[in-house]
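What follows is a set of structures to go through.
What follows is chain A paired twice: with chain B in the first complex and chain C in the second.
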Partner chain A sequence: MNRIDWRARNHPAWWAALVHRVSGILLALFLPAHFWALARAIEGEARLESFLRWTENPLVRLAETVLVILLAAHLAGGLRILALEFLAWRDRQKTAIALSAGASLALGLCYLLNVF
Partner chain B sequence: MTARGEARLWLAQRAAGILLALAVAVHLATILYAVHRGLSAAAILARTRGNAAWLAFYLVFAAAAALHGGIGLRTVIREATAWRDRSLDLATAAFIVLATLAGWRAAAALFA
Partner chain C sequence: MRDQLLRVSVWRGADEGRLVAYEVPARPSQTVLDVVTYIQRRLDPSLAYRFACRVGMCGSCAMTVNGIARWTCRTHVERVAKNSAIEIRPLANLQVIRDLVTDMTPFFEKWRRAEGRFVPATTPARDFAKVPPASRERRAADAGIECIGCGVCYASCDVVAWDPDYLGPAALNRAWTLVNDVRDGGNSDRLRAVAGDAGCHACHSHQSCALRCPKALDPTASIAGLKRVAARATLRGEL
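After this line comes the complex of A and B, so read on.
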């Protein structure tokens, strides 16, 4: 990628679009795995419990924290897109992006503090 | 797909997105509440089993997530790859139906 192409992309709105797309792909792929794991409850409490004990692995906890941040980021970014498409144009787009990023990271931190 | 069909998919994606904005906010709050209380199967199932209101919430939530995710994946695939014929639409429909059924199965396992 040449310098001018890169300059066109190195912009908060482009990064916001990239985060929304990547988080969307990962969340959509996670969805079937999430449903499969929860459906273990059909096989009884013990089966669900053994799955929950597996999730106590710090690496799994870290992956869960990333998922919570992705979900929060996709929610915040999605609200931004809905506002762009359905409401009148407003200035301060970069402020909206910064607020979305901040809220997502704060939520991830809340999860991390609660889960350990 | 016709332009009208594409427009309908766009609208369905946005309608599901608006519903999901509310559902995901509730879900994130529930996640924080659940992990704060400690995750044990007995405690979770004691809270969830027989709870018809939460069952209804998650049946709608799962279907909206499957629809939103399926249409979103289709959009990304069409933009990033050469796959854009009818087989992609069928694969999208299959993803939405299977993910919805899997979500309903999980919701029934926890809340029914």
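After this line comes the complex of A and C, so read on.
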């Protein structure tokens, strides 16, 4: 049986599906780190404070921006799928993909401008 | 144009095989099916491939051309050749019988499993059914009815590749046209058939089927329609 050629997958809806899935996996992988950070609070104010100061490092801020973009992309991608499947929406799928991508990047940019 | 040669590589063998190179004279308005026919008639009569109508009606000549599933009789070489080169393989997601011929049995078997046949609601029919052309059901059925069963969508679908039991875009699109056929009385069985693990809910909406369908149908939209109808039937306790 022949497998589907990678050239056949090079289209916007397929890339949108890939971004949705990969962003979901990366967010799930981040969750333990998130809970670890929250756990610092239980150990006392000083521990949390020193951790929060460390996060003011520009590299951490950049990583957080990537995280915000991932979250926004996953949310926008999910809303796009819900619209596609529940609103009987046939046309303008590429517009929906472009809007999802644009909204995600704009949110990421807003965050970046806010932290620096 | 007359003196130009196309470099054509064609899959020879079954599931195990290799690409064999041929040189075919380029012609104006030449289709990929013309190229395959030239090879079989002039260069190598042992080449196996399928075609019938040559005018985009029968759905038998679909192949993978430069990586993408297409109906070869309506695909012009000029549109798909890269630097005068074309790579022709059999459709993906189906067993290869020989060369460019795949076994379409599972594809059509799934139409049957999706209850893709018309079940008359009243027998014998007492009168002609009156279906207003502008009604919502008629328009939904119209949107999917022109399927020629070529298998291009099936060969482009990632979910079929992941789950060999998945009914696939064409069978589910057929089921959706019947769900919207007001003369049909088989919807309870049909919904049960398409709402299982291997049915409409398995679709990931990658929309490769809609992009590749040579008849410009949108099986993803049909499958989304089935998802909604199946979800409503589940809420009402009918499924």
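Please note the rule applied: the second predicted complex is superposed on the first by the 111 of 116 C-alpha atoms of A that agree within 3 Å, B and C clash if a C-alpha of one lies under 4 Å from a C-alpha of the other, contacts with A are read in each partner's own complex, and residues count from 1 in each chain.
Note that contacts are C-beta pairs under 8 Å (C-beta built on N, C-alpha and C of every residue); 3 or more make two chains touch, one makes a residue touch a chain.
No experiment lies behind these values; they were computed from the predicted model shown.
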{"item": "Which of chain B and chain C A:Ile25 touches, first, second, both or neither", "value": "first"}
{"item": "Greater residue coverage of chain A in the superposed arrangement, chain B or chain C", "value": "B"}
{"item": "First (chain B), second (chain C), both or neither touched by A:Gly78", "value": "first"}
{"item": "First (chain B), second (chain C), both or neither touched by A:Ala88", "value": "second"}
{"item": "First, second, both or neither for A:Asp5, with chain B first and chain C second", "value": "second"}
{"item": "Contacts of A:Trp14 with chain B and chain C, given as first, second, both or neither", "value": "second"}
{"item": "Chain B and chain C contact sites that coincide on chain A, given as residue numbers", "value": "81, 85-86"}
{"item": "Contact footprint of chain C on chain A as seen in their complex", "value": "1-9, 11, 13-14, 17, 81, 84-86, 88-90, 93"}
{"item": "Residues on chain B engaged by chain A in the complex (per definition of touch)", "value": "14, 17-18, 20-21, 24-25, 27-28, 31-32, 35-36, 39-42, 44-45, 62, 65-66, 69-70, 72-73, 76, 98-99, 102-103, 105-110"}
{"item": "Residue numbers on chain A that touch chain B, as the complex places them", "value": "21, 24-25, 27-28, 31-32, 34-36, 38-42, 45-46, 48-49, 52, 55, 68, 71-72, 74-75, 78-79, 81-82, 85-86, 107, 110-111, 114-115"}
{"item": "Residues of chain C that touch chain A when the two form their complex", "value": "11, 15, 64, 66-69, 89-96, 143, 155-156, 158, 161, 204-208, 211-212, 218, 220-221, 224-225, 227-228"}
